[in-house]
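Before anything else, here is the set of structures, which you'll find just below.
What follows is a pair of complexes built around chain A, which joins chain B in one and chain C in the other.
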Partner chain A sequence: MAAQPKTLPADQPSYLEGGGILGWLTTIDHKRVAVMYLVSALFFMALGGFEAMAIRVQLWRPDNHALSAATYNAFFTMHGTTMIFLVVMPLLLGFFGNFLIPLQIGARDVAFPRLNAASFWLALVAGILLHLGWIRGGLPDAGWFGYANLTERYFTPGLAIDWWVIGLLVSGASTVLTGLNFLTTIIAMRAPGMTYMRMPMFMWSLMVTSILILIAFPALTIGLIFLLFDRFFGTHFYVASAGATPILWQHLFWLFGHPEVYIMALPAFGIISEVIPTFSRKPLFGYPMMAYSICLIAFLSYGVWGHHMFATGMGPVADSAFAITSMLIAIPTGVKIFSWIATVWGGSLRMTTAFYFALGMLIEFTVGGLSGIMHASAPIDLQQTDSYFVVAHFHYVLFGGVMFTIMSAFYYWWPKITGRMLDERLGKWHFWLTVVGFNLTFFPMHFLGMWGMPRRTYTYGADMGWMRLNQLETIGAFILGIAFLFFYFNLFKSVASREQAPADPWDGRSLEWSTPSPPPAYNFATIPQIRGRDAWWILKYGHAGSRGVAAYMSGQAPSQPQPSQPASVEDIHMPAPSIFPLVLSLGVGMMGLGLIIDWYRIILIGAAVAVLSIVGMGFEYADFGEESHDPEHAPSSGGVDVRKIGMWSFIGSECVFFASLISTFIVYKSRSVSGPGPQILNIPLTSFSTFILLMSSLLMVLALAATQRGDKRWERIWLGGVIAFGLIFLGGQVYEFTSFYHEGMGLTTNLFSQSFFVLVGFHGAHVAIGVLWLSVLLAAAMTGKLGQSRALSVELAGLYWHFVDVVWIIIFTLVYLMQAVPGA
Partner chain B sequence: MERYEKAFLSACAAVLVIFLCALGYSSVAMNVHLPSHSGMIYCNAGQKLRKVLLKTPPFDHTGVKEIAPGKYQAVVIAKTWAFTPNEIDLPVGAEVKFIATSADVTHGFFIVGTRVNMMLLPGQISELDYRFTKPGEYLMICHEYCGELHHTMAGKVVVK
Partner chain C sequence: MDIFGEHPSIPIGIAILIAIYLGACRAAGRKPTRRQAMWFALAMGAILFTQTELDELADARLFSMHMLQHLMQAFVIPPLILLGTPGWMLAPWMLSRPIKPIARLLTNPVIAFLIFSAVFVTAHFPPIFDRMCRDENFHIFLHLLFMASGMLLWWPILSQIPELPRLSYPAQILYLFLLMIPMTAVAAPITLATRVIYPWYTEGPNGWGLKAIDDQVLGGLIMWIGQGTYLMIVFTFIFFRWSQREDCDIPVPPAAMTPELRVLRSRRVAGS
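Coming up: the complex of A and B.
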């Protein structure tokens, strides 16, 4: 951007202005999407908080019946599910992440704005689906981690768990899309000069979190898909009498579940690493170590899930391994705590509410971290598993660590987001009430847990001696409730006030403070050039200022650089709004709804709506393109197109998806109690279709080459060839499935058949989607719309196609060929 | 590297070594072992797990049995929402091997104030050794949420 800054009318509209209701429904502006996440999360936070207080009321005294047992069970299930999936993640990723990623890396929007809007609407649909039990079938009531086999239809009939399964599947899809979007954005859209080691720490944490999302969520998706098949189609993935073992759910769930803890904690670590330097007026201590420790935590978090399962009897080897990895993960976390303390040390502190909450987080999170290390030691963990001690531990982590951070982030970034300050005096009240209420509620839980009080218990006997502390906790919960009233009131008061917040109220360090509060829709009039860490600080004070407090203390006044002024607003083209993300999510919601209330017409309509809106988005894309993909605005991608980075991220996520399916198959293939086994497989036939599929990859390469050199004729021929070969493969699969069916092996026959059909069937679905995708490309080629300039579209489809083929090679080897080897 | 940094790293290493030594000591010298699963219960086609269980030793005779002088085994079946047996009587100082499983959903088996804490999974046999050295009445609860009346699922261990 060589455009020279020139003065424009001061009343440049902020992103919040204009558009009306329709403007919000069709928006794909990352800041508006963020605000919608905020509104839905604030609603669900009130709901989840209400559930928590109801739980505490029920536990006020022994043998209490303030709630019915069924309501109590539904409330603790929905409290956990709501707070994790509908409050904390939407706030950290959807709200702060969405709002700040482009602003902190100097971009105008995220990499895929339409996808971003779709993520929000899907998240909202998931939230609604999870709560439709209020209307029909009852709220989900199997605990937030819904241990199988209690969730089987035999043990929990009715619709409650159905809502939970479908709701979480949709929520998972939304989160994976967000992760993919964020990862691509941070890799590819950084402003010129913003190297990885110059990114704000919040960006580091979000980048690593996105990777964690991509590799962790597929495990949950697979676990939920098995449960869905069990509940709706009569399979036995978690049924012991069929030879299966419910522990499969625990492995899949915690393989997702422990990284999930860090998906919530890492962004919080990032936020704290922004707030503390700002209010200490010092650069973040040990920046490289902070970045590396985030990576190390993410890496280790994928190998510690077993510490949730010490009581299941995994055996000494697995137990020791998980104990050691769980202790190791304390080291990078400790590095972070000490670095934050070192950042505060010797700083010129400004005791704002945001900073209060940040310091509170340091203390409360350390308490939670310490009880976490206790859990790492397997023998100690045994006295704590499923007791109230665990409840204390994870609330110290998730409330003390994460919620305190979220509050800090609210006070810190609210002026940027709304253009209004939050009241500091109310904020201090909010802080102290939170600290008192929080510790009063959760600290006694440590003792109750050691005295034997289990979690999720509806009530307790008078002879247990648990009453006094429970009453203390209930009082604490109400104080916490009052604290939240202060918070909501503060938000309300600030939005209602007319006082304009300055652009840079805290003397901030990162780029978002260079924009007006609230920023205009396009964020930056001119894309800034980054010269070091703390980019905005350097712009204000020069490099010397970034070295520490010295420059400030020596009385060197800030030079007051102008917040970035629009160069020429007409030159900035933001992607056009679109209704399709909303429509797509409605379609997905209808599919889920139809499946649950057993109304197949709704499923079909929903599917049609979803497919049509994807096609619609495709047309929009072809018409307008996404301006944020302008290479000029994406200088950090090293010449790789964002869509390609997105595709690779997606493929990485799919690897875990298939790995989970394949491992389940390997565990289950020989555990059937009856019926046909692997010998039923027709290896000659499948070898033939494998050959066809591999050949189709070759044709795909030829098709791409033809497109790249602009050869329209061969482009069509090769594309047609790939589609034909794909169809032959699918035909072979249909033949194979029907012949198995006639030989007496259906989906529900035994463990072998269900793992086989689900694995191979999901692969087949991937091939079918590939064929559809290529058909669209072929149609475009036929009408002359493809051609050299759009070779990338063919390349993307090719990447996907090759990936699906590679997966098939693995499946063919492990599922088919291994059976041909005697003794395998 | 600065002196403080070195000191800090050594302290970290020392803590880690102490942790690992404590783990080793507790498992070797104090004979603290984690629950392990000693076997599976397989059903044939069409059989119900809880019926198979009644015919599978040792679960065909639940309760406490002296298997050697001073050595006992306690066989427990967890079922929605009770333990069979609901009361286990043991002499002080006896070494007892708990053998337990679930007949329907995933249950917990926790004796408060001890490290006897096992998750009971349907189709899997869990075992744990423990010695009660103090007389008294111990609460034995299911702490894995198992349905509507989960909170009523409790029994006791009486050590005399």
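Coming up: the complex of A and C.
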């Protein structure tokens, strides 16, 4: 291995140095944001682990009462919710994703650094909101899937589910913003020469995961919004007696929930595809097939949500369709497993802890995959569903597959992130204890499940004969707990040590290893030129293929390129820190809090804070002149500005949001038990406001044209016109809503009214946001801050405005016009 | 199969299309490649099959065959026609002065996508679909509309004219992925419906003696799984063509290499 500098040159401060507490609170450096994700995730991981141990203690012997049934419910709910939303996703995306995306694609930061910081603070606020039940109202206790109608206020009074709904809404917003940011970054900010087919596989997986996030999370958001309306405003979206179907929640939840499994699994697949080639000293086997199977898994993951619902009685046809698509997913997954094995095959292996965990993942994940194929078959699933067999299955996937990968990633990237090595000897202890503890805990669950032990039930009878295996599992859980103590101790020991890690301790293949450990704030002094896959390996050894191995075997020192030199560090322009992301999240947190403790003043203050900080961020963006990127910096985006890509991604996500609302409306409009139906709609009035909205789109086009040619006067006039027309449209909507109210159709009257008001109301809210946005632009135009060079700002607002108009045309057709067609 | 039976317009229409094709060849003084001619012949065969044999089954109150017919009209015939029609045949009139801006607008991927989705989703709404079953002229019109909007839909993937370009490979994949949303929006409600949605199918005997509801489920599945599988196959082709195109590692030139050579090398990279 090549000699590496053991210590950092004094003139090259790492990203960890300087700034103090305020520096961390206002940071928008992706690496610092990543470290903050790490700290919060480590805390929540300990908490979720504690809950798991408590569950296992309760199940130690039959008819045990270590936990009450209510506490048990709260613990398994919070264990699932915490581990998925506050541990696994923050670690994979927030921590490893955030830290490594810019480093692996050769960029200096993510596309929207402020948004990135906001994502973190929102995630933290969500975590706190989810746990405020400790203080008031009790912990959420309806399962991480929160099946309706158990979550209705009638069945679960109190604040517990309220915390859960609000917490998950905020967490979802944070995740969608992250997905938006990552997707844009990977599309637009790759270093010159880094084509898609040269990206590290981790980047491939994160790109596809981001798309999954953008399309999957809106379904959850809609499901939660309906639940929120049911609990806070008295609607009946999931109440069967009002004609609604609680199954709607399951459809929405699993339309999100199954892609969510891949949102957690795909990044793990990507990480494994980085670790295994490094420690096998071979390029990844079958790179195009690996990328293809990631895409295929994403493609298929939207057609399989029904396999979580076989027991709801969807009928033989739908069951068969979902069974077939679910089984199909085994094919691309199998391709990945075999490609990893082929990568290891014949490599010159170095048995580090990171590699141990990667190999462990291959085995444990395959076990989970095999039981997964069993669930795909509807008749078998009917036997297994809601039994411990399922618990065994998803722990083999999520712990065996994802957690093992996360551990592997810790041992692999920790030197890069902190500049300190993790102890390998402790690491091996950690690994073996994890393997023993994990299998001891979860393997017997397969048998218990087949013997009929149900999930989510706080105890079992002595005559069932389940005690022996349950005790074995509890012992396993404690061994697993000890393994985690080793892990935490190892992290602590490494951070406390003073020994500097080398820049490239594993003889790595991708670009992050070309930077010092830990990297400087700007990552790369000069943006690297990429000449192939395994970019850093090629720079070191000239070719990605076997030459590196040959050079290594013969002990011949490769021609060693220096880690990127700080040639002109003073010229590197990094965006300035900002307090707004933190303030924004506090505002959002206040809104949630106010809604739950029913204190409307706090909601209003929170909303004002949030809106003002968004506006503040907007002006900050314009003021720091970031529109003009380094010319060397944005060659892969095809000349499209990152903000435009971000806007398009956002619109894509919004499409699913409105599609879910519209589908619900179509399903529910004629299921009302009583009260007025679609005939109440006033088509002439709405036709007029539709026309107004369409005209406003035309004015928007004119406004953009005026801005682009630098015509200040008409820019203001047209922008003002758009705002005026938007206001007229909103006025029409207010008039319409009040007249409905007077005719006896309020929000909670029946299914038609509530799905109508929620759909049309959310569209109205979008128009209102558009009007607000345009008003800010108009204010900027009045003070002369807009102008030709900032035409893109107008274009972005225009994109949004046109999108909102197109959505309205669809709503107008489906909601208003269709009811005039007989038989619709 | 009696191709002149009920609908003489079909063979006549195909004959006219072939005549136009040959006429355009003669006018341009060029011949299509063998492969293009083959695609075009396949397209004509597909039209003939869809509008005669399949149409008879569809008219025998077989909803499933009707769905297969729609899928052929939207997903099979237009790509075949686009593959079979050389760019030089279309370019003269599509790039002519009055048509070019319209063509440019309509073949814009966003517009094409929206037009196709709107046509396809709207046509499957019960009142419109039911009217289609009863009104033969409206039926023919809708089928032509499927094919025409299908041409627009597939243009960004198979365009033969560089001036009205294709999408980049990753964008093509995303485009197909998004296409699954409107297609599923049509197929899923049909498959999962518990009663017969289109009354016309209950008003007479089913051609194969299936129960109307079973036939409807079958049709929904043909649409749902059929389009998904079809798009997945297309996506596979696109993906591997993309990976071949971008898939090359360029060794770093040794430091001793002269600057001129370096320039040459990197040019080749840029061009490949």
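Keep in mind that, in the parts below, the second predicted complex is superposed on the first by the 793 of 824 C-alpha atoms of A that agree within 3 Å, B and C clash if a C-alpha of one lies under 4 Å from a C-alpha of the other, contacts with A are read in each partner's own complex, and residues count from 1 in each chain.
The criterion applied here is as follows: contacts are C-beta pairs under 8 Å (C-beta built on N, C-alpha and C of every residue); 3 or more make two chains touch, one makes a residue touch a chain.
Treat the numbers as computed from the prediction; the structure is a model and nothing was measured.
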{"item": "Touched partner set for A:542, first chain B, second chain C, both or neither", "value": "second"}
{"item": "Touched partner set for A:246, first chain B, second chain C, both or neither", "value": "first"}
{"item": "Contacts of A:53 with chain B and chain C, given as first, second, both or neither", "value": "neither"}
{"item": "Partner chain in contact with A:303 - chain B first, chain C second, else both or neither", "value": "second"}
{"item": "Chain B versus chain C as contact partner of A:147, first or second or both or neither", "value": "first"}
{"item": "Which of chain B and chain C A:792 touches, first, second, both or neither", "value": "neither"}
{"item": "Footprint overlap on chain A, comparing chain B with chain C", "value": "315, 324"}
{"item": "Residues on chain C engaged by chain A in the complex (per definition of touch)", "value": "114, 125-128, 130, 168, 170, 173-174, 177-178, 180-181, 184-185, 189, 191-192, 194, 199, 217, 221, 224-225, 228, 232, 235-236, 239-240, 242-243, 246-252, 254-255, 269"}
{"item": "Residue ranges of chain B in contact with chain A within the complex", "value": "8, 12, 16, 19-20, 22-23, 26-27, 32-37, 40-49, 52, 80, 104-106, 108, 110, 112-115, 117-119, 121-124, 126-127, 139, 141-151"}
{"item": "Chain A - residues contacting chain B, complex", "value": "69-70, 73, 141-143, 147-150, 155-156, 240-247, 309-313, 315-316, 319-320, 323-324, 327, 331, 334, 338, 377-379, 382-383, 385-387, 451-452, 454-460, 464, 673-675"}
{"item": "Chain A residues within the chain C interface of the complex", "value": "193, 195-198, 211, 287-288, 291-292, 295-296, 299-300, 302-303, 314-315, 317-318, 321, 324-325, 531-534, 538-539, 542-545, 559, 638, 652, 655-656, 659, 663, 666, 806, 818, 821-824"}
